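All chains are identified by letter, namely A, B and C, in their written order; residue positions are counted from 1 within each chain.
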Amino acid sequence: MSTRLSPIGLVVLGILVLVPAIDAVAFGNYYLMSVGTRILIMAAAAVSLNLIMGYGNMPSLAHSVFLGVGAYVVGACSYYSRATGAPWLLDGFLQLGLVLVLSAGAAAVIGAICLRTRGVYFLMTSLALGQVFYVLAAGAYQFGGDDGMALDFRSRFPVVDLANMPTRYVIAVLFLAAVIYGSKRLVDSPFGLALRATRMNPRRVLAVGNEPSRVSLLAFVVSGAVAGVAGFLLANQTDFISPSILHWTTAGDLMIAIAIGGLGTMLGPVYGTIALLTAEEVLSSTFTYWQFAFGLLIVAVARFAPSGAGELLRRVRLRRA
Amino acid sequence: MASHRKEGRVEGAQALLLVQQVLNGVQLGLMLFLLSAGLTLVFGMMDFLNLAHGTFFMGGAFLGAWINATTGNVWLAIAGATAVMLVLGALLEVGLLRGAYSHGHLDQILITFGLIYIGNDTARMIWGSDGLAMLLPPSLNASVSVLGLHYSLFKLVFIGATVLIAGALAFVLARTRIGMWIRAGAADRETAIALGVDVKQLFTLVFACGAALAGFAGALSAPLLSASLGMGETILVPCLVVIVLGGVGSVAGAFLASLVVGLVDVLGRTYATALTALVVGPTHAATLGPSLSAMLIYLLMAAVLVLRPGGLMGRVQP
Amino acid sequence: MPEIALETRHLDKSFGGVDATRDVTLAVERGSIHALVGPNGAGKTTLLHQLAGTVTPDRGAVLFEGEDITRLGAAARVRRGIARTFQITALCNQLTALEHVLLAVQRKRGVSFKLWSRALAPGDDVERALACLDRVGLRGRAGQVPDELSYGEQRQLELAIALGCEPSLLLLDEPLAGVGHAEARMLIELVRTFRGGLTTILIEHDMEAVFALADTVSVLHEGRLIASGHPDAIAADAAVREAYLGDDSDA
């Protein structure tokens, strides 16, 4: 567990982020930028999950829900704007406000119930409760039911045009930067201290006069709201919503990314997501049966690098030093 | 449905529908029990949450459908699928999972999550993306009539076979030495070790039997659901509800919770719209009812968690 | 007339049929040092748990500053001013001594739910936390995590955290167990300074320390309060001798 934000890690991340931009500007290739936008948004979602999982011991498979809430707000506003002809529904700030309220609200309800349990029980409960929302989305026939639907309109902001791909990329980069900075601030804050203490020893937190469940719940809500914004950006990026974003395996993928990068480290989840989704992108365009290879990869990492690849690197470095 | 000449006839039809749906609920519940029994024992004994447990279910369904299509023998198909999952479970436990018990939960989740990917793609390689239906021979694909109630013969066979298995499981757990070890191990690993049990072999046995039960449930369900990719992840969710409801490590709790979940789910889907209509009127009920019924078992789980965080029959959680 | 800080009335608690506390009625004067003694298994820690709110009594009431707090949770009691230390230290393995005390200080100052400021930013919080560490003699170990502290130092840290809560009633569960001789003397002197201000309830096996510190000694035996009074009176009490001797002959 570390609350350090490694400068080298940040520099490398900065360089990685520049690659798609250079590819687009210098060579006119927008493929990396398109893939990169999605990856960076998912990386931010992974950072938000790591906040509760790594620093708060809440392995939540309900994280898909909040991504879904964000995405479906965009979808619903687009749908009803077309149906009623009301342009104000497309206002980006209004939508963001809705996203924050709804994802935080959903997180408060799910969190309050799941926090009756701990550890793997928490995981099971969050999975089951999260699926309620999946079922709801899959049954929402006006939004395409199981198949999902393409968006008629993206969210509209003054000046910024989300229809423009480089704009979306820049926003994704800024969003990720804000989420990393924000979670660093949060982990270092008095609240972060209480959250970390709750993970290590809830009795201690109780004995200084704080309710551990209240500390955990606030973290869960904050993390859910961040994931909601990630879902909002994701829907605007893909121009499409479907219930699959709400399936528990979406949160499962984020967990894998966190585990590969290093649980409870500031930048591990970011690198984990980049590695995982890049591997997925490469494998899926190379092999028909890429999931098989992907599965083998995950099993191998978990079996032979139990604390994540980041930890493995660190240990190798320590041995050399 | 039936003509409405007499009120009594309508009521009779309603009663028959209720009986039919109760049977369906019991059938779903028993299937969930086959899956949950293995899952809860493995978790209770080894502190190992196997997210890929549903993959054995899918494997059983595909194998059953495939063997049935090749040989035309349903019984051979079900037995074969069960046997293959038993062996596969044992191999996985010895070859991969045994070494991961000492790892944290996160790694266990990762490994079993990876296994889901591997399982799904393996099924896709062998049987394609479209899934596989399991066709019953005419002798089984019939319905029985008792007192005006028509019910699928195969579902009755399903219920009968599952009750037999559940009974056998209860007998083994309650009356045999191995069963005693398993119960001791599920309650407290240290006790089992103190009893001089070879825990390693016991774990392998329990894991393999859990996989076999899941495969059996899959093969038995294939004629009803037909085998498809991703069915394992779908079925895992109600199984976790069952385990949380029943209390982790308790087979009796899992049995009770399975039946409750099966009945609530089936009866909820049947009657939710009508019941919702009483409150909000028929127009809203048509859209609200189905969503509400799909959520019922989760609401039930939430309610039990609030009232009894350890589950219906669970020991107190750590 | 002396004022009563804490009172218990007919407290009963049993675990699975075994009575841990039986009809305990007790009054603790404000500003006094009140020692709970008794042989092992007498129910001292269970009683302390019921005062701290981590165990709910089956019957009876706990009154703090005249108010019934029997149904109040542990955290709420801390917020009312009751802090405690644990017999088996309850520390966080990756937090430094300073961070442990900060947890308490920042809760007391109502900033535990601040998400944006830095917990360790130099200022009032850190100063107060360091002052608490200083009082228990751990200032020089502020940057160490529990694993780097000796067992005795961990006990000192427990006390520093409790002081960080700025309580009006302090519950100490064997604060001297495992503490080195010099540190023990320092802690005894520290507890002595609480007299007149901070009401202290103390479980301690070190009888020398108990008789040096306590204004009142209460003796528990098999869950029952068998004697309570001035240390000299207790030392002369026949029932107490019997309880102790009986226990010793068993052990």
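Keep in mind that, in the parts below, contacts are C-beta pairs under 8 Å (C-beta built on N, C-alpha and C of every residue); 3 or more make two chains touch, one makes a residue touch a chain.
The structure presented is a predicted model; accordingly, all values stated were derived computationally and were not measured.
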Chain pair, most C-beta pairs within the contact cut-off: A-B
Most central chain, Cα average position: A
Approximate Å spacing (C-alpha centroids) for the pair chain B, chain C: 51
Intercentroid distance (Cα basis), chain B paired with chain A, Å: 31
Centre-to-centre distance between chain C and chain A (centres being mean Cα positions), rounded to whole Å: 44
Of chain A, residues touching chain C in the complex: 1, 185-186, 188-194, 196-197, 200-201, 203-211, 215, 218, 222
Of all residues in chain B, those that touch chain A in their complex: 43, 47, 49, 51, 96, 99-100, 103-111, 113-122, 124-125, 233, 237, 240-241, 243-244, 248, 290-291, 294-295, 298, 301-302, 305-306, 309, 317-318
Parts of chain C lying in touch with chain A, wherever the complex brings them together: 52, 54, 73-76, 78-79, 83-84, 86, 90-95, 99-100, 102-104, 106-108, 111-120, 125, 161-162, 164-165
Residue ranges of chain A touching chain B (in the complex, touch as defined): 59, 113, 116-121, 123-125, 127-129, 131-132, 135-136, 139, 247-249, 252, 255-256, 259, 263, 289-292, 294-299, 301-303, 306
